[in-house]
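Down below are the structures I want you to see.
In the two complexes below, chain A is the common chain; its partner is chain B in one and chain C in the other.
Entry: the complex of A and B
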C-alpha cells in the first residue's frame, strides 16, 4: 500500500476524492491483474485458434473452480496472518480417502462427505499445531505437507488406480452447460465473501492478521481465530480434494503435486500478503483464472510442463515483488 | 460525556477519582516503581515526566492492568478496586493509548474506531452482519465533534499521517464515552512534528473539557506544562514531586527530573 500521508492542517480533499483514492488503493492491483489477464488471453487467442472456444473456456473454468476453492482457504489463512503449505498433500489425502471408501462400496455421497470431513480434520490439526505449540506456520505446514503426502502413499500403497465410473466422476458432468465444480465455486465464493467481508468474524480476521498485538488488546482471542481459519481452510481443501479425485476418476496419491505453486501464485497475484491482514475473494478469483489460463495456454502451445512450472514460479516472484515494492517504485 | 461522573453513585464524591497508594513493582533487581502515591482528580490532566527508566510507563501499565504491582492499593472514588487485567481497567472506565497506538493499518478509520465493539445485525456475536453504514456515519460524527480532520472514514489508517493516526487512536479511546472516566496516554506526541503535535494537544484539551480525566507521559516539558493542570516528576521509580503546572517553570521541572529531590510537597 502506498503511503500518501496528508500533512496536518492542510486543506483535506473532499470526502468523495478520499473515498476514490482509498478505492484505488484497494483495487489498484486487481485492475492491473485484470489488464494482465486480458493481455494474456489476447496473446493466446492470437496464437491458438482453440483458446477462446467455449469448450476451452469451460475447461479453464473447471480447472479454476477446484483451484479457486482451495485458494480461497489459502487466502483466509493468509489474511489471518498464517500460511498453509500442506494444501496439495491435504487434497491428496482427502481424494484417496474418498476414492478408497467408494471402491470399498461406501455410497458415493457418504464417501465424498467423509472425504470432506477428513479435510476439516486436517485443517484443525494444522491450526492446532500452529496455535498450541507456537510453531511458525511455515515450518508447521511444511512438515504437514510431507506427513500428509506420506499418509496418502500409505493409504494407496503408493499406487494409482483408476476407478470404474458409477457416478464417481460427477465433477466431469455439466448441468445446463456449466461444469459441476463451478457450482461448488459459486457456493464457496458466496459463503466466503459473506463471512469475510460482511460479518464481525471476517472483520476481526483482518484485524488479527493485520496487528495481532493490537487485536489482543482489543480482547480478541487470536489463537481461536487462527484455529478457526485453518479449520475453514481444511473444509475448502476437503471440497477441492474430492472434486479433484472425481475429476480424475482415480485414486492417485500424487494427484495434487505442485498445487501449492499454482495456488500460492494465484493468491499472491490476487493481492493477499504474507504479512497478514490483506487479501480478498475477488482478487483470488481473478488470480486463479489468470494462472489457469496461463497454464492452459502454455500447455496448448506445446510448452514443456517443466517450463510451465518455471513460468508460474516466475509469476509468483513477480506478484510478491510487486506487493513488496518500495514506496516510490524500484530504482 | 457524562459530567460529574460518579459511576458507583456512592457518597464519597469528594475523594479523588483515582488514588494509587504505595505502588511497588520490580523487574528482577530493578525497582521500576517504588512506593508511589498518585491522586487523579475529576476532569484533571496530570502530566508525568521523568528520564528514561523513571518508571512512568510501568506506573501507567499498572493502572491499565497490563502490569501487576508487587504491592500497593488502587482506589476509585475512594473505593478499593482490583485491576489485574486490561479488561478489569476497561470495565472501570480506564482506556490506555499505547505509544505504538495499536491501530490496524489494513483497516479503515471507521473499522479502527469500532474495532471489537462493532454494531451488528442478524446472527448473534461474531457471525452478526456488520452495520457498515452506521459505523461510517457514527465515526464521521465522532471525528467532526472532536474536530479531527480526516478526509474520509473509509481511508485505510495505514495511509494517514502520524498526527492523524494519533487522533484516530484518541477518537477510538473516547468513542464509547458513557463508560470512560480516565484516559492514559503514553507519549502522544513523541513521533510528531511541531504542527501535528499542536493539533493533538488541542484535541486532548478538547476531550478533557468533556469530563474526562487524563494522565499523560511526555518528554516535552513545555508542552506538558502548557497542557496539564499538575505535573508529577518521577526519578528511578520514585515520585519526586508534583508541581502546579501554572506556577512552575520548565527549569524547575528539568532540575527535578535531573537532580531528583524528596517529595516535599506531599503526595500527588
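Entry: the complex of A and C
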C-alpha cells in the first residue's frame, strides 16, 4: 500500500516525485518479498527435483489457503490499529465445535455453518473486550488465546478423535484439479479487497488505524470500526477453522497451536504494520505463500521442523525491523 | 505505585465514592485485593479439597510456584522498563535442555548450570540487540525469540523434546533442587531469596530506579543523558537470565529436562502474575511486592484447582479470565486503550 495520496490541488508530478514513486514501487515491500520468493523457489527447485511440479505447487497453495484466510483477518485487524493473538485458539474452538456437532448427528452443512458462527462470535467478543473494557488488544487477545484454548480442550475433554467421513473431509477434495480450500482463498481475497478498497468503511479503516485521534476528530466512530473489524476477522477465523478441521479430518483441540507465530510472520513480511494504518491483502498473500513455500521446501529437504521454527522467528524479526527502519522504529 | 489522580472537574464526589475512587487510583487497592483473593482461595480450596491445607501440600505448592516466582522477577523488571518479554518459557526450555545435555555428556554440574544460565544471557542479549539496534517493538522481538529459543532447545536435545538419559542427571549437584533444606523444599528457599534480592534491586538501587525512568518516559530519560538503549538492553538481559535461572531450577527439580518439559502456557501465568501484581502494560509502574502477591495468587490457584480435580485446561480459562480482569482494572485506573 502506498498510503501517501497526493492532496488535491497539489502540483502534479515533478520529475523528482516520479523518481520517488518509482523507487517506492521497486523497493516496496511487496516487490522485495516477491523477489525473495522467486529466489527461494529457484533455490529449492535446484535442490529438489519435485519442488516446482504442479502437484507440489498445489500442495503449497492448499496449505497456504487456510493460513491466508486467517492471515487476512489478522491483516484487517492490524490495519485498524489492533492485534489479534487469539486466532489459533479461535480456529481450534471453531473446528472442535463443528466436529462435535457433526459427530452428534447435526447435518454436515449446518455443523460447518454453526462453526463459522462461533468464529464470528469469538471475533465479536474480542472486539467487545477491546472497545468496551478498554483493554489493550495485545493483552486482551493473549488472554483470549488461553481462554479459547481451554474451551477447545473442555469441549473435547482433552482428547483428539479422527472423523473418517468423506463429507466432513471436503477440504481434501479437488474440483477441476484445484484443491477446494483454494476456492475459499479466492473468495476471501476478493471479498477483502472489495471491503477494503471500494467501500467507505474500508477506506476509513486505514484512517482509524493510522491515527485514531484524528479519526475521532473527523467524527468517525473508532470503536464501531474496531468492533466491526474484529467481527470480520472472527468470520475468517471461523472459515479457516472449519477448513482446517475438515483438512485434518479430526476433532483436535491442539490443531492450531503456534499459528500466531506463522501468521504474524507472513503478515509482517507482507508489509502490514504493527502501528496500524498499513497492510494489504496482496502483501499478505505473498507473505503467506512465502512462509508456506519455506516450510514446504525445508521439510522436503529433510530439515528438522524445529529449524523451520527458528527460521520463521528470525524472518519475523527481520520483517518488522525492515518495516520500522524508515520510521525510526521503537524508541 | 502512586498514580497521579487525574483532575476531573466535572465530577464532584464526596464521602465513600470519593474514597473508593482515591483507593482505585492510588494502586493500594491492588495489594488489598490480592490479599483478599489469596484469603478467598485458601477458604475455597480448603473446603473443596481437604488435603489442601496440609503442610505437605503447602510446601509442594511452594516448590511448584518457585519457578514462576523466579521468571516473574525478571519479567517485572522487563515490563517496568517498557518491554513485555514473552520469550520466557522458551528460554527456560533452552536453558534446562542445555544444562541437561551437558551433564549427560559427562561434564561437571557447575559447568552445566553456568552454561544454562548463560544461554539466558545470550537470548536476552539478542532480544536487546533487536530492540535497541534494529528498533523492533519488544513484543515482536521476544515473540521471534520464543520461536528461535524453542527451536534451538529441540535441536540441543536431538529433537526428542525429552531429557534423554534421565538417570545420569538425577545425581550430583545439577539435581540439587530435588532436595529439602530443614524440611523446606530447596526451590522454595531459592525463590524466596531470589524474590527478596529482586525487591532490593528494584526498590533500593539505581538499576531499579532507572527501570522506572526508562519505562515511564524514555525521551525524558534521554534528555537527562540516561543511556536509555544500554539500560533497555540490560533489563532484557536480566529478564532472560532470570528465565534461564528458572529453567535450570525446573530442570534440576525434574532431574533433567528437554525442550518439551516447559509448557508454553507458562508464559501466560508469568504475564498474568506480573500484571495482576500491578505492573502497568505501558511501563514505568509496578513493584516487586505486587508481583510476589500475583505469583502467590496463581500458584495457589493452580495447586488448588488440581487438588479439587479440575483438569489443567480449566486453568487456562480461569487464568485467561484473571488476566483480562487484571488488565481491565488497570484500564479503569489509567483510562485504558483508546
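Here, the second predicted complex is superposed on the first by the 300 of 331 C-alpha atoms of A that agree within 3 Å, B and C clash if a C-alpha of one lies under 4 Å from a C-alpha of the other, contacts with A are read in each partner's own complex, and residues count from 1 in each chain.
FYI, contacts are C-beta pairs under 8 Å (C-beta built on N, C-alpha and C of every residue); 3 or more make two chains touch, one makes a residue touch a chain.
Note that this is a predicted model, so its numbers are computed, not measured.
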item	value
Larger contact residue set on chain A - chain B or chain C	C
First (chain B), second (chain C), both or neither touched by A:139	second
First, second, both or neither for A:220, with chain B first and chain C second	first
Partner chain(s) touched by A:277 [first = chain B, second = chain C, both, neither]	first
Partner chain(s) touched by A:264 [first = chain B, second = chain C, both, neither]	second
Chain B versus chain C as contact partner of A:176, first or second or both or neither	neither
Residues of chain A at both interfaces, chain B in one complex, chain C in the other	213
Touching residues (chain side chain C, partner chain A) in the complex	84, 130-131, 134-141, 143-148, 150-152, 154-155, 159, 218-219, 259, 264-265, 268, 271-272, 275, 281, 311, 313-321, 323-324, 327-328, 331, 335-338
Complex contacts: residues of chain A adjacent to chain C	129-130, 133-140, 142-151, 153-154, 158, 212-213, 222, 257-258, 260-261, 264, 268, 274, 304, 306-310, 312-314, 316-317, 320-321, 324-325, 328-331
Contact set on chain A toward chain B in their complex	1-9, 12-15, 17-19, 21-22, 25-26, 198-201, 203-204, 206-207, 209-211, 213-215, 217-220, 277-278
Residues of chain B that touch chain A when the two form their complex	86-87, 98, 100, 102-108, 111, 115-116, 118, 120, 123, 125-130, 149-152, 154-156, 158-164, 193, 195-196, 199
